[in-house]
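What follows is chain A paired twice: with chain B in the first complex and chain C in the second.
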Partner chain A sequence: MAEAELDLLQNYLTVGAIVFMLGVVGLIARRNLIVMFLCAEMMLQGVSITLVAFSRFHNDWGGQMLVVFIIAVAACEAAIALALILMLYARAGKLDAAYWQEMREENVPPYIDREVPLERLEERRWPDLAPAGVAPEINEEEQSHRSHV
Partner chain B sequence: MIAIATIPPHELPKWYEIVLTSPFAWAIGLVMVGLWLILPRGNARGRWFGALCGIVAIGLLAWHVPRLCGWLDESVFDGLAITVVVACGATISVRNPLYSAIWFGLALVGTAGLFLLIGAQFLSVATITVYAGAILVTVLFVIMLAQPEGHAYYDRLSWEALLSAVTGTILVGMMTSVIGHATSGAPLPGERTPGMALEIIHPRGSDRLASVSVAAAGIAEEDREAGILAEEHVAGFGRELLGRYLIAMQVAGALMLAALVGAMAIVVHGRRTDGRQAIRIGNM
Partner chain C sequence: MSDWTTIQKLLVAIPALPLVATMVTALLGPRYLRGKSHLPIVFGLVISCVLSLELLRQLNRAIENHETGIGYETTVDLWTWASVPEAYDGSGSRKTIGDSTGRLITDVHDASDSSGPFHIAVTLRADGLTCIMLAMVTLVALLIAIYAVGYMHQDRGCWRFFTYIGLFVFSMTMLVSASNFVLLYVFWEAVGLCSYLLIGFWYEKREAAAAGTKAFLVNRVGDFGFALALFFIWTVYGTLNFHDTQNAPGVLGQERLSSMQQEFGRPGESGEGHPRGAQDQDVRTGYVGGGIGLAICLLLMLGACGKSAQFPLHVWLPDAMEGPTPVSALIHAATMVTAGVYMVARCTPLFAVDCAPYLDPRAVVATIGGLSALIAGIIAMTQNDLKRVLAYSTISQLGYMFLALGTGSLVGIIAGMFHLFTHAFFKSLLFLGAGSVMHAMGGVIDMRKFGGLRRLMPMTFWTFLAGALALSGIWPLAGFFSKDAILAAAYDVGHGEAAYASLFLWLTYAAFLTAFLTALYTFRAFYMTFFGAEEIPAEAGHHARESRPIMTVPLVILALGALAVGWIFGQPGATKSGFAGVAASTPSLAVMVHPGYRALDTAAERKSAAERKSAAEKKSAAEKGSVAEKGLHQDSHRRVAIISLVLAVLGIGIAGFLYLGDAREVRAIIQWPVMKQLHRISYGKFFFDPVYWILVVLPGLALASICYAFDRWLIDGLVNTIGRIPSGIGRLFRNMQCGMLQTYALWMLLGVLTLLGSAVWHMW
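The block that comes next holds the complex of A and B.
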């Protein structure tokens, strides 16, 4: 029986490690603030899987209790982070983390986009919806970005 | 393959032969290539090849870890684990943040299933309720508010996709190999000595580097049935949460209150003042 528990532990720890790794990669690679936030949550999920597996293995409630507190802290984090993201968006007009690179260290060179990729036509696909009602007037200024939230 | 065949048998294998013949090393390499290809890099070339590399890597890693006993457990676990990993990979790779959030929701559902499978029923429900029900919906709300068109150039770019992929590969390689070695010294079935020591075996298998004392390897099935796997799971959970962890729960409640007030303060303060003036006031 102990061997089966060890196998279960190893399986769960491996899944937790992979989920944590994907969260780390997403957090350091993606530039959208909201996606970065989701990746931080993903790292918490990986740790939660690990803790629950250890809780089962050691027959101890401690791991599951810690996951409860992780969920509570994640909820707090979501409230704060999303409020901050909304405020940053209201200031910048975009969700790009590179926009806030003025806050970097003094000796770090600025990050400049070498090539801004153009959007391909097939990516600009909208869902096919049946037209209903009157078409609203399009504000030309708000086509590029929205100045207010 | 020719080089391996010509080496005399008494000679130790070189490092590149170990790497080339080990499915684990292939899995790690494929993880790196797959991650690099699926991250947004400005163009969409090679995305599907990257996804294929990732799936092959998942298969190799799944082959690397031991099977669970019972084909039903194994297949359910495999299905959930593959759902979680694929959904997480899609979360970090899709261009549209809206789809990112929806893929993350699928990952949360898979995680809840994994919790349910291992006997954490309350946490499974809490994950669905709090994460998928509250946090994810708030995220979707913010995306709709901030970026309804969903097409922005910074979603098609990454900071240093290759370096991020290498970092993640090193991280997951170290973690999975440590996990494999720490749990490879499996105790024999029926051996239930408390404080059993699991050996960390050197990759060559020749010398023992260290031993980790895992006190729980010898827990009898009856103890588990009375503890984590008890039929009245939520009752035991609540007894523990409101007994031993009562103070911690109160602190968590206070933290949530503070976070709520803080979130409102951020929004109200940001609204009242404008632009750089607000930043200056916030820094004072």
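The block that comes next holds the complex of A and C.
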């Protein structure tokens, strides 16, 4: 009995730890504000799973009570955090957390993302067939339209 | 207050009025009075002056009514400033002095009652010396304040000027009426402060600011000596009151003298009789002599030298002429610089002690005075700045006064005070005349740049002439009587049989030479300014005319004073209410005709012995007064008077020969080898300033720069290094704050891991 219970607990704890660490890694690695927020939520849920597992293991419902509170608090927090993210987006027009880095120390250089190479329109080559038969009628309008596809 | 006598009320009111006027001007001046700032001061001074004259009259009456006793004085206790019971530990402190300096005290008498309280009361006193000084100070101050109304009328800092003047008059009146050394010292410093403020009145001018600083610093040297003298007096006597102080108004009587002798040692007794006395005590006067007595006198004299600009410390006075001219007249000619003379005269009993086997302090005083008189007279010969000539002349005349005080005889001291009194009139007159010239010439005071002003400024011309004649000592002007009295006193000692007779003989010759030089340089300045071709500098502009009546009226009044005060007060046969009678009624001077007083020269001693006999016979103060009067003008002194008069006339004549016209002869004379060197020395002011620069200023600067370097590099370096440690540590962690959320989260994670790691580590 106790052996089975302990195995079960270990499984739960493993899942909780994995969820938590996924959240941590996501929070550190990702720069999208919403994703970061989701990762934070995930860490919370990882902790919640652990709490529930221990609660069940010790036969003490306090842990589950706490998880219910956590869910309620997380809901409020989500409301506030999303509102904040919305405001930040309204200001910056982007969700990149690296955009908000003015609050660094004076002499620390700003973080500059690697530049994404620009698409060069004129070098774009479309597949073409060898000319044969009658030259198709070139539709100017379609031509211009296609080039912008 | 209601039970005060008239004299006491007057004595309090005279300093109080300028103080009130000063406060009113200081409070209302900058906002409301502005150009009218002179009103409260002049008003206060008028009343003060009238009260001073009334005080003099009252004192005269009181002296006449008091037939018995030695001298007359009244004191008024205002409040107790400080009182420390059992402060004076005679035996202990005396022993320390004796041990540390070895020979100063040869034997210390230990006695049971050698402790006493330290009691400083704010006490004013009225006696002959004080009343004369009060009358002189307030009268001259009033006239100069009226003059300054015209002189300063364009100045923005008018209210500041009159506030300082009021403060000065308050301090000076308090200085002369103070009754103990601490009060004297306080107001001694206060007049020095006023002097500093007024020399640097035009502080935008570099020279004025530097001159103010110089005056203040040179005075520090003297004041340091004065302070040491006070410490000595406290250690030796256990009191800082002037030694003839008596609390009850009235007479310094026989009882007081005997109690004084009891206190300081009865004549002829030894051992039990004089608890605080050492063996060096002068048994006849009760004052401590020997090394200690000499030290006190020399230190007091150092203080007097600083304030009165005498030989080693005279360098500040000529520079002080950067201040406004009324200030030069009031503070640096008539009143403040005479504080040293007043102080030495006040301390006559201290200077009269027998300091054998050491120097006689009076000889030192006389030598310093005679040397100053001669040196300043020689320097004044070649100065081109009119005010500087007058400044050196002031030093020279103050030297005369010290020479007179140094003779140590009652006649000499009264002559010195009389010279102080007359000098105030004619020297302030000369300065105000120079100020009038300066005002008209647009601030130019170099005599080479103007000339022939006698038609342009007739009032200034005539009054200046009166002052110059008085300064030269032409009969019957003021300077003649006082200077003659001094020369006669010195001559007497020189021809007496005292130990220092030959010294005084030389000093008398120096004084005669100075009298000749005085006439020469005074009339050199006079001729260069008022005679010759009319010459007006470009700076004068439209100012080049006679000054306004508000400036010339004080000039005329002072000129009348210069003409008359000598004649009125210095006449032989005057009553005891004359100058000499009033001055001789000062207890500390009156004690000199008392048996037990040691005169320097035996001739004077014989004379005073005769006086003593007659005094003992008639027991009347009136007799003593007339004896003092006779002392001023004895028949045997007619020769001295004639010599000095001839010398003065000769000086004026030679000045006229040399400086009327194109001064061709002067240029010729300067080419003579001896005169060339003399001219160089005189023009270089005996090179006091460069010598002091090398001896005093340069070491001071070197020390200051070492201190600066020490402070700047070592102390500041240490402090800054310690200050840099936290900021250096902070700089290490600053780079963590890069503004990227992800980085913060990573650091947080690492922190949590570190905590967890340490927790786990400790669990094992």
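Here, the second predicted complex is superposed on the first by the 111 of 149 C-alpha atoms of A that agree within 3 Å, B and C clash if a C-alpha of one lies under 4 Å from a C-alpha of the other, contacts with A are read in each partner's own complex, and residues count from 1 in each chain.
Simple rule for what comes next: contacts are C-beta pairs under 8 Å (C-beta built on N, C-alpha and C of every residue); 3 or more make two chains touch, one makes a residue touch a chain.
These numbers come from a predicted model, not from an experiment.
Look at A:Val73: by the touch rule set out above, it reaches chain B but stays clear of chain C.
In the superposed model, A:Pro110 makes contact with chain C only, not with chain B.
Of the two partner chains, chain B is the only one that A:Leu22 touches; chain C does not reach it.
When the shared chain is aligned, chain B comes close enough to touch A:Tyr89, but chain C does not. In the superposed model, A:Leu8 makes contact with chain B only, not with chain C. For chain A, the partner with contacts to more residues, out of chain B and chain C, is B. When the two structures are aligned on the shared chain, A:Ala98 is found in touch with chain B and with chain C. Contact with chain B, but none with chain C, is seen for A:Ala53 once the two complexes are overlaid on the shared chain. The interface of chain A with chain B overlaps its interface with chain C at residues 24, 28-29, 31, 97-98, 111. For chain B in complex with chain A, the touching residues are 35, 39-40, 42-44, 58, 61, 65-69, 77, 81, 84-85, 88-89, 91-92, 95, 97, 100-101, 104, 107-108, 111, 114-115, 118-120, 122-123, 126-127, 130-131, 134-135, 138-139, 142-143, 145-147, 151-161, 164-165, 167-168, 171-172, 175-176, 179-180, 183, 186-192, 215-221, 223-224, 227-229, 236-237, 240-241, 244-245, 248, 252, 255-256, 258-260, 262-264, 266-267, 270, 275.
The touching residues of chain A, when paired with chain C in their complex, are 24, 27-29, 31, 36, 97-98, 100-105, 107-108, 110-111. Chain C meets chain A in the complex at residues 734-735, 737-742, 745-746, 749.
Within the complex, the chain A residues that touch chain B are 1-15, 17-26, 28-32, 34-35, 37-39, 41-42, 45, 48-49, 52-53, 55-61, 64-65, 67-69, 71-80, 82-87, 89-91, 94-98, 111, 113, 115-117, 119-120, 123-124, 146, 149.
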